[in-house]
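The following pair of complexes shares a single chain, chain A, combined with chain B in the former and chain C in the latter.
Presenting the complex of A and B:
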């Protein structure tokens, strides 16, 4: 544990096993799920049974007939302590508990508190709410018209300058309209030899973290501690302080490990409700959602994407128009960011001079949608990579050859005008082609009559979320041991381990000897959030800077006692010399925010839209049974460009995990609705991938592409392998059976119907 | 088993069982499931997630048989021996299955991991050297949303190789 001038074995690039491994395999790792405090009350939420309606009355008398019920609170109780109790990252549209109106089936209307969770659950069933039902809108295409309006007035949060023009807007469901224009698309379409137009739809799905969302608020005299399974402790603190009118230092947010996040536990979710309930009850309050309730809390946007492309006589893409409608559900959450930050990549990784994009975030009377592993990108890639294959087939060109001809090469700028520097678009495409032996003729034989083999590929790309800030602190104690404080949340992606590797490399210790302090906003400094694969890059830089800072301070300390850090055997000796005993600290701080330029409001153009790009692609070989529509993935290749991987083994695990998650969203996951009511909100009816769904062969390919501005040349990786999965499967099904599926999920039924329709059409 | 009524009016039964080798003797309410009981005894490795016995996060061994603790009424373990992930090795130590999971990186968030570890124990008790097909079939009832499945398959194979009765043989 000694600081040395140089260390023989580099820590970065080592496949260090996760630091928290022993705690996790022994079942002793700490999750909010397991947490309790003396005097704690359990909360159970009473939820709206109608999709859109006015609350006429709430009768809670039945609840109090159940022994053990301590409190029942409604929206009007919340208003006693928070006069304007609306929250959210982009819009202040989400009430802590419903006020006057409900906007979707499952919206929290009241909360019951009891010492026994079973008592709270039973009492919640005895609260009767009368509604005047209003017409509802569920479909994003219908929501474009103002026939049914979900919110009377738009209330942007003010944190985003590009939402300011929406303040006070009425009679609309459009929470953000984002536009981009490059070149002269109208003229280019007029000149095109071929024009292709297709529409694609994706379904609403849910993150399904196995640790259901949970938060626990503990109130002291004039401070509050919130233990929460959150990906964004700093944001929770800011938002709770804003709601209560408190200074931030009166709110402490603590986050241990998360039992999965995937975007579900971002920004602010249950925290406002437990904070208000705890203040009203003057007792600690814990809210643990059931698996069912998670489906009413946050989901992934359903989408409709109309894409039109113009191709010249040489087979070059010369024009593209993208219209994307995002079904945001009843509360905007981070949907407007998805609409913009993902929207600008809608034309795909292709070199097209004339592009226009119209991307709309829409309110509907469905459960809210937000960020889910890929932040809108998988929905876009689904459309543009299916579309790319369809164009190639209609032109009679090999899909790979068509991509090679049109792909963004070298440092060429993407639709926003930002260069694709350090993005291995070509590298990822070529790696997949090579692994699949695309040009080779050696196809597999089908396993029986009626079975057909097909293969497909797809690639996509994503920007990082900019501009966002990360801060880290590295402390060296007087015995030379090292502590890293950061607010990045380790939800399974291995950030604690990777960040410790950076510290270890710079300070000159073994990774295993770096103690990582998990988020506690009183102790760990600000971080925007753990999202969008931003931590490796942003927090990685902050940690690097903090480690370099502490090293510089140790060098100064050595100098001040007449030593040199380079020749100091034991760092503890420096402290002894300096302070006369084992005392004192060296503290290093690092703050990082990347360069960013806001896009032009008219054209969406910016040459610094993101500090780095992430490229991901998938190749699939499958066998489909033309009698039943059932298909099996025989081989799946996931490739992503990764800068330089900090921890190759963890990176590979991220690639296969992301691809498997998207496999579920492609093959079977779908929230089904009846009148706005989710009808399959449980694992009995909503299937997620299990071990039997892992393809026979799954290969993960790291395409190394040094990120010149990344910490140790690294960049984010958590989402990249999701991008290409859905269209690669659709493209392979077309190759196998000649049918084109344009709506997710691609169930055997959908394939069966498509095959039958094709046969009838032919007959 | 003795039945009585507690102060809240719930019917309770006195049960005796062994938890990770230690005798327990306490009252449980009729509606309590085995996860509730374990949590009451400060054992947190069995976690209720889906609440329907479909995800495997609450898998524990009752008389060496894997069960979903969320679907097991607490009073039914009267007279039984319950084993959880905390009891596989003394605190501060890990057993061969746990070590294999670390070696292969067979988890991400770790929430489902104790369930997989317990299931692996049950599998290796039945089958000395499970094939990949046998592993997939046996673990089909455990879900991992991080999808560390390829690593889990490798961990089970590594554990099979490293089981103590095998490595201790001359």
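Presenting the complex of A and C:
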């Protein structure tokens, strides 16, 4: 890894060990799961057993026969305190508890409250719900037709101007259609020497945070506190206040550490339900999901991507059409954002003059899909980078050479018209090629007969979610010690440490001496959410501004007492001089929102679609057993452009963690269904990678770069190493065995059947 | 989950008494790794659990007799099997198998008796013990009886164990120069339950195979000893062709089923490949994968 050396007075760029490490490994860190308050009731959710149906009746009498059951509430109870109890970040389509209809197996229909969680769980099984079953639609391609409609009417939240045209639309499952057009694709296709068209599919998977979702609502006289494992405390407060018709300052949201988030714990998940239940029961209510229930709460979009490319006689890509269907499940959640914000990168990091994109967010009767590490990008890269290799192969060109010829170089604009400034697309590609010795002759030998070695690479990119706001407060106490208040959630990614480094660097203290206040919306200021690798850039700027602000105030204070901050040895001395004793504070505030220009509604064009680009790529060497279809990853290289790293060690673990997560999604993870019911909703049947599944060699490369508008030259990194993993493996398998897998996951059985089919075809 | 009772007998006789009724809500547990899964998913709702932990002291010994035969107390944990010197010397295949059986947390508490009586075909220990001709000593209300491990299973999660009957001990006859292997194929993670498990044992007398064992599990509804494949091998000189023939027969005679791990077409092909490779490994004395 090539990073700036540690220097004595610089805090940024130093591999500071995690600030929260000792607290976590000693078992002292608190999580919502550990919390309990006097008089607390445990909630258990009664879930729909049908994929689509009308609720005819709910009989809860059996539950009350169990001793210890305090309450059972349904959608109509919720309506007593919230007349229109629908929520969601993009559409107000999700009821706190089902009203009249259910839309997927697992949808919350009722909730049982008891003093004991096991009593609540047993009682939940004694509640009988009668449904009139309706036809259901599960597949995103079928959902394009309005034969079965999941929601009678579309209800966009109104927060997004580009969803306004969907208000009141009926007889459709399309929650958002996003279109982009650049140049004249029709003409270019007509002129192309070769046209290639392929279809790729990706499967529905789940985040599997090892700390399942959990929330606890405590009601006071006219306020409420919600303790929740959430990635978006500010959003939870706003949305709960909206639902209840309260002012925001009556709702306090507190978030301790999270045991993983990965996008699962965004927006509202359990918070509205515990808030309503606590108000109805007039008691604190805690809801802790099981691992199984998480599969019915939020997932990653399955997708179908049809991609068509036109290449001229010189091997240049001149036209591309992308049609992407996103299986959003029963509630839109943030799916429409995935459809648009990720959709516009669907043509890949290639310099193509004529491009069109049609990207559709679709409702189906599956568990809802939302944000998951990569926010749609891994599904897109899976398709466009497999497609790139397929074109290269058809043309008889080396896949790297084909990429070199067509890749976006320098400041060239991407499909939206926004320049790829400070995006090391070439840098990442070349680093992978160099590490793999792509053009070299020395390649490893297979370990035995029937084994074959192959290698592949892939590269992808992502825009930041724009425009979003972050606010931070830095307080210097009278003894000179420093406190940082922010609503960024440290869910394991190390944000507390990185943000403290920024404060320390500017204020001139050691990172370890900065106290970080974890989210409490009464105390920590607004932040849009911890998502989409936005914190380093957005919150990083807000923290920088707050630290600079407090430093300026300290300088003023020094001046006012006839001193200079630069020569003051102990900051506490300034306070003593100013206030006559150890008293007072200096408070700095920073607010940041990047520049942004909405895309043209007709063409999708904007020259400021994102404040920065994230680039990530993967190179893979693998060995496949052509008899069994089993393959082993011998070497995996993950390279990313993340600007200048604030903390190289944390960056490296972000790269390896992201790559491993995507490796699971590539090789075996898959939610399986039977009539809308998930059949493998447990860690016994849904396996995630363990230590023995890590590739033999894994190298994580930081490609030297500088993000000119980033805090200390940095930008986000949490997702970048997910981008290239799936297609790099598929490309390496093709290289090894000559078979092309176009559907995820790439199981040994899929490889086996492909090899057998090829042999039969040849024989 | 409703409340339930846990009783901890300290003698096997008392444990048998407690289990004798055959009440479906009453079950024994030792490591509890399987029963906890069943309870969490609601597949099993206990009235009373009979903990066998109090029997550990008396029933977890591992010993070897003068001829090299081994006795393993049913309460021996899988990690004991993994680390025990006698096991490593006399039946190294057992110790090797443990390395990729679930994870260290499971192996530290799961017991040999539990692994044999659970009846889930997706387990690693039963096929290996079957290939070693191991015999389970069962203790029950009507006394003691011996059942070869290969005959313990009657179907998917079904065993010959009668109500109140417990596996008390496992007896493995001397290896007598036989070489045994176990090959495990998983379809998801490395530490997953097997999709296909193949155990084999070969004993050579001069240049001929004097006895062979071929066991297929996980791909089938219950562990299967494939005697037809053993017959192909017995009396023959070990060769690539003979192993391939036996493997084809083994696959043809395996009652392979579809499940979440894979299709029966795929698993049948894998049985053939794995038996062929396993016989080669056993012959060459290679370390099982």
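Operating definition for what follows: the second predicted complex is superposed on the first by the 755 of 763 C-alpha atoms of A that agree within 3 Å, B and C clash if a C-alpha of one lies under 4 Å from a C-alpha of the other, contacts with A are read in each partner's own complex, and residues count from 1 in each chain.
Methods note: a residue touches a chain if its C-beta (ideal position, glycine included) is under 8 Å from a C-beta of that chain, and two chains touch if they have at least 3 such contacts.
It should be emphasised that the depicted structure is a prediction, and the values quoted were computed from it without experimental measurement.
The wider contact with chain A, measured as residues touched, comes from B rather than the other of chain B and chain C. When the two complexes are overlaid on their common chain A, residue A:747 makes contact with chain C while staying clear of chain B. Contacts of A:630 after superposition on the shared chain: chain C is touched, whereas chain B is not.
In the superposition on chain A, contact of A:29 is made with chain B only, not with chain C. Of the two partner chains, chain C is the only one that A:121 touches; chain B does not reach it.
Of the two partner chains placed around the shared chain by superposition, chain B and chain C are both touched by A:690. When both complexes are overlaid on chain A, the residue A:672 reaches chain C alone and has no touch with chain B.
Residue contacts after overlaying the shared chain place A:211 against chain B, while chain C stays out of touching range. Judged by the touch definition given at the top, the superposed model places A:167 against neither chain B nor chain C. Shared-chain residue A:193: touches no atom of chain B or chain C.
The intersection of chain A residues touching chain B with those touching chain C, taken from the two complexes, comprises 118, 290, 682, 684, 688-690, 692. Of all residues in chain B, those touching chain A in their complex are 8-9, 31, 39, 43-47, 49-52, 54-55, 57, 84-86, 88-89, 94, 98-99, 101-103, 105, 107-114, 117, 135-137, 139-153. Chain C meets chain A in the complex at residues 1-3, 37, 40-42, 100, 103, 185, 187-192, 260, 262-263, 266, 269-270, 273.
By the touch rule above, chain A contacts chain B in their complex via residues 15, 17-18, 20-29, 31, 33-34, 67-68, 116, 118, 207-212, 257-262, 290-291, 491-494, 649-650, 653, 656-657, 660-661, 682-684, 688-692, 694, 698. On the chain A side of its complex with chain C, the touching residues are 118, 121-122, 125, 290, 292, 627-630, 668-669, 672, 679-680, 682, 684-685, 687-690, 692-693, 747-749, 752-753.
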